[in-house]
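Each chain carries a letter (A, B, C, D, E, F, G, H, I and J) given by its place in the written order, and its residues are counted from 1.
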Amino acid sequence: MLYHVSMHISIPDSVAPARVEEIKAAEKERAAEIQRAGKWPHLWRVTGQYANISIFNVESHDELHALLSSLPLFPFMSVTVTPLAQHPSAI
Amino acid sequence: MLYHVSMHISIPDSVAPARVEEIKAAEKERAAEIQRAGKWPHLWRVTGQYANISIFNVESHDELHALLSSLPLFPFMSVTVTPLAQHPSAI
Amino acid sequence: MLYHVSMHISIPDSVAPARVEEIKAAEKERAAEIQRAGKWPHLWRVTGQYANISIFNVESHDELHALLSSLPLFPFMSVTVTPLAQHPSAI
Amino acid sequence: MLYHVSMHISIPDSVAPARVEEIKAAEKERAAEIQRAGKWPHLWRVTGQYANISIFNVESHDELHALLSSLPLFPFMSVTVTPLAQHPSAI
Amino acid sequence: MLYHVSMHISIPDSVAPARVEEIKAAEKERAAEIQRAGKWPHLWRVTGQYANISIFNVESHDELHALLSSLPLFPFMSVTVTPLAQHPSAI
Amino acid sequence: MLYHVSMHISIPDSVAPARVEEIKAAEKERAAEIQRAGKWPHLWRVTGQYANISIFNVESHDELHALLSSLPLFPFMSVTVTPLAQHPSAI
Amino acid sequence: MLYHVSMHISIPDSVAPARVEEIKAAEKERAAEIQRAGKWPHLWRVTGQYANISIFNVESHDELHALLSSLPLFPFMSVTVTPLAQHPSAI
Amino acid sequence: MLYHVSMHISIPDSVAPARVEEIKAAEKERAAEIQRAGKWPHLWRVTGQYANISIFNVESHDELHALLSSLPLFPFMSVTVTPLAQHPSAI
Amino acid sequence: MLYHVSMHISIPDSVAPARVEEIKAAEKERAAEIQRAGKWPHLWRVTGQYANISIFNVESHDELHALLSSLPLFPFMSVTVTPLAQHPSAI
Amino acid sequence: MLYHVSMHISIPDSVAPARVEEIKAAEKERAAEIQRAGKWPHLWRVTGQYANISIFNVESHDELHALLSSLPLFPFMSVTVTPLAQHPSAI
């Protein structure tokens, strides 16, 4: 099933720069893992923002929540999830 | 170039039902045309709403506007366009 | 899978009163059908509003959209759908 | 009486990690207590967010406020309470 | 139990003026009835708006919803209900 | 004259806990003073929130501002003031 | 006492043009009356909008509401009232 | 002086189609006039919307309001005006 | 030319109290200077808030920005500027 | 292609003043570079705010994102990007 997920990231400046780089590296690795598993078919950058719009393809809400909350940047994210259905005009 | 487009549709009830069906049929046809041209790679239904989330792949803002404003339902749409850039973590 | 669905209903006064009563009767019947099928385990009235908060239990986004858009009042609804996952503190 | 309660949690990063774990453990325990008392029949995770949607079943607003403000995470919560009435179409 | 209720009223101009006056007269009468029954201890006009802020004192959400939906102007109202608890600093 | 005042309180966690307790005690005392003076006839807790809805009865905007800004928690408050007029249907 | 009042006007196009002109003429006359009475010291046009920002100087909320609701355009207005107090830095 | 002006246009469907075309033609002509007078240096279409973002260069707020309210589509516009100052980093 | 300016002030508690008093004293002085120069004819306190509504009378957007950004509290302000035009009904 | 970009800047006061001045100087330099390259034809100050409205002229969303995220102040910005198309009434 497809889920539209928007993620806006805001890391408070009280987090040490070195720590931020660590988290970002871990995020990149984890994101690649999930994409390779075929669960995260689309990941786009929102132009001009530290945010992305993604499409996830998973079996259930629980699986989606497990994947999202496993992302190292999750504590710094504001996330909106929109379930996507088949559109009658999609060919 | 990729554009994320959300379209919420609201047809006032003062439009005659027969006319509504005509417009919807024309919309379905026009949407198929644009998709076959490869310009509209993704068209999803927002679950529970008379709305869609789409991804368009076109050469310019002008081309996108021309395509969107050519849709029969355009006068009844509230549209948001978000330009999408390449994400550094997308594999 | 559980979906939290809020439905706010607004019927423009240009719809003839008799027609409104017809639609409401059909709505009540259809709602009962879906509830008897076990798909709509909770349906509550938002106190003071012509709105409800519901919990649906269905297999997919598509099934939810099919059920919601089959409701006679659907054209007059503003709907928000929130997918619900298992809470770690739920006993 | 039923109350629909949404709780969004945001713990500032100035709270020491160890302290956060303490609070979360106490929260889990307190939540189980209230659920076992039959006051908190539904507790769902909002997919993708550090938030829940709950249904409380208590005798009065005061009882609900006492329960909510007794939660260790209460100081970090943004809460919305919606009183739920019987829906005429609920079977 | 106390409920804070705000009611904003908007009557579309398609409703005949005579009909509007009828509804307003019936509203005034019904409001007086509910107040005399001690259920509606406070009814204030929001300065500058066709809106009121009220305090209701009733036994349950269902009773409140029954009273509100019995008001002739209810179909033209946008209502917000906030349950009020005892304040620790109230003397 | 009556004023509807809503106060949402948010104390940043950088304020030492002991200092917070001091301020809260002073707040409770000052609130009792103003209520005893008959200026603050209603003070209710918004169920589930660190917020209150109050009715003040004072002679002028300046008097209201002086009272509100004299509250020890004032620097941590987000306040909305709505002047209330006599409602034509109030008995 | 001073009140800051913003008025946004929206006349549905179902009101006959001749009737609109009548209402506007009556509005202009009534506005002049209130200004001559010294109650409406400032009336400014919000640049680019069919809206104004005004300062009223009256004795009470009731008087303000009576004046505002006496304006012929009142039924088409969306009004916000903000009570103004003396500023400590005003010379 | 420069003003940033955004105009969102919504023509109710109760306005006869022929009348709409008349207004649009008059709008195009008036817009060209103002642009030729050098008052309206930039006029851009918001991609995907019946809206524009413009830059006006006029001597005063009054002149801007006169120009905007002279546009045939003005009654159907929702307009936001933002005064623009010189930016210290503009070369 | 007249500008309506609303200023909401929020000083983070990480700024030392002594420093806050210094800034406030400098603000009061600077505000008096600008008012004496006739540029700031109206300065009102929004009742119940650390905010003001002001009317500035200056020659250009640049002059207004220079004055506002010269205020010691400017870094802690959230400001909205609305250009005011002559109202046709103002006498 | 033209992009309308609004940038609101908020630098938390935990960033040392000296560091802020460094970043601002680097920002000014980088902005001049991009403008000289013809990519940033318009940069205006929003009167009264630490914000700007800009027009960028670049070949793609990716190029725009690269330019924006290269700005030293980017981590402190809240950015909105609106793609601009040719307006049919622009002469």
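In the analysis below, a residue touches a chain if its C-beta (ideal position, glycine included) is under 8 Å from a C-beta of that chain, and two chains touch if they have at least 3 such contacts.
Chain by chain, the UniProt names read as follows: A, B, C, D, E, F, G, H, I, J = Muconolactone Delta-isomerase.
Worth saying up front: this structure is predicted, and the values here are computed from it rather than measured.
At the subunit G (Muconolactone Delta-isomerase)-subunit H (Muconolactone Delta-isomerase) interface, residue numbers used by both copies make up under half of all numbers present, so the two copies contact each other through mostly different positions. In terms of residue-numbered contacts, B-C and F-I present the same interface, as over half of their contact pairs agree; the other options in F-I, C-D or H-I do not. The best fit of Cα atoms from subunit B (Muconolactone Delta-isomerase) onto subunit G (Muconolactone Delta-isomerase) calls for a rotation angle of 145°, in steps of 5.
Once the centre of each chain is set as its mean CA position, subunit D (Muconolactone Delta-isomerase) and subunit F (Muconolactone Delta-isomerase) turn out to be 26 Å apart.
Subunit E (Muconolactone Delta-isomerase) and subunit J (Muconolactone Delta-isomerase) have CA centres that are 49 Å apart.
Centres computed as Cα averages put subunit A (Muconolactone Delta-isomerase) at a distance of 42 Å from subunit F (Muconolactone Delta-isomerase). Taking each chain's centre as the mean of its C-alpha atoms, subunit B (Muconolactone Delta-isomerase) lies 45 Å from subunit I (Muconolactone Delta-isomerase). Residues of subunit C (Muconolactone Delta-isomerase) found to touch two or more other chains are 2-3, 12, 14, 45, 47, 61, 64-65, 81-86.
Chain pairs that touch one another: A-B, A-C, A-D, A-J, B-C, B-H, B-J, C-D, C-E, D-E, D-F, E-F, E-G, F-G, F-I, G-H, G-I, H-I, H-J, I-J.
Residues 2, 4, 27-28, 31-32, 35-36, 42-47, 52-53, 55, 82-91 of subunit J (Muconolactone Delta-isomerase) touch subunit H (Muconolactone Delta-isomerase) in their complex.
If you check the complex, the residues on subunit I (Muconolactone Delta-isomerase) that touch subunit J (Muconolactone Delta-isomerase) are 3, 5, 12, 14-15, 61, 64-65, 68, 75, 79-81. Listed in rising order, the residues of subunit I (Muconolactone Delta-isomerase) touching subunit H (Muconolactone Delta-isomerase) in the complex are 1-3, 60-62, 64-65, 81-86. Note for the complex: subunit G (Muconolactone Delta-isomerase) touches subunit H (Muconolactone Delta-isomerase) at residues 12-14, 45, 47-50.
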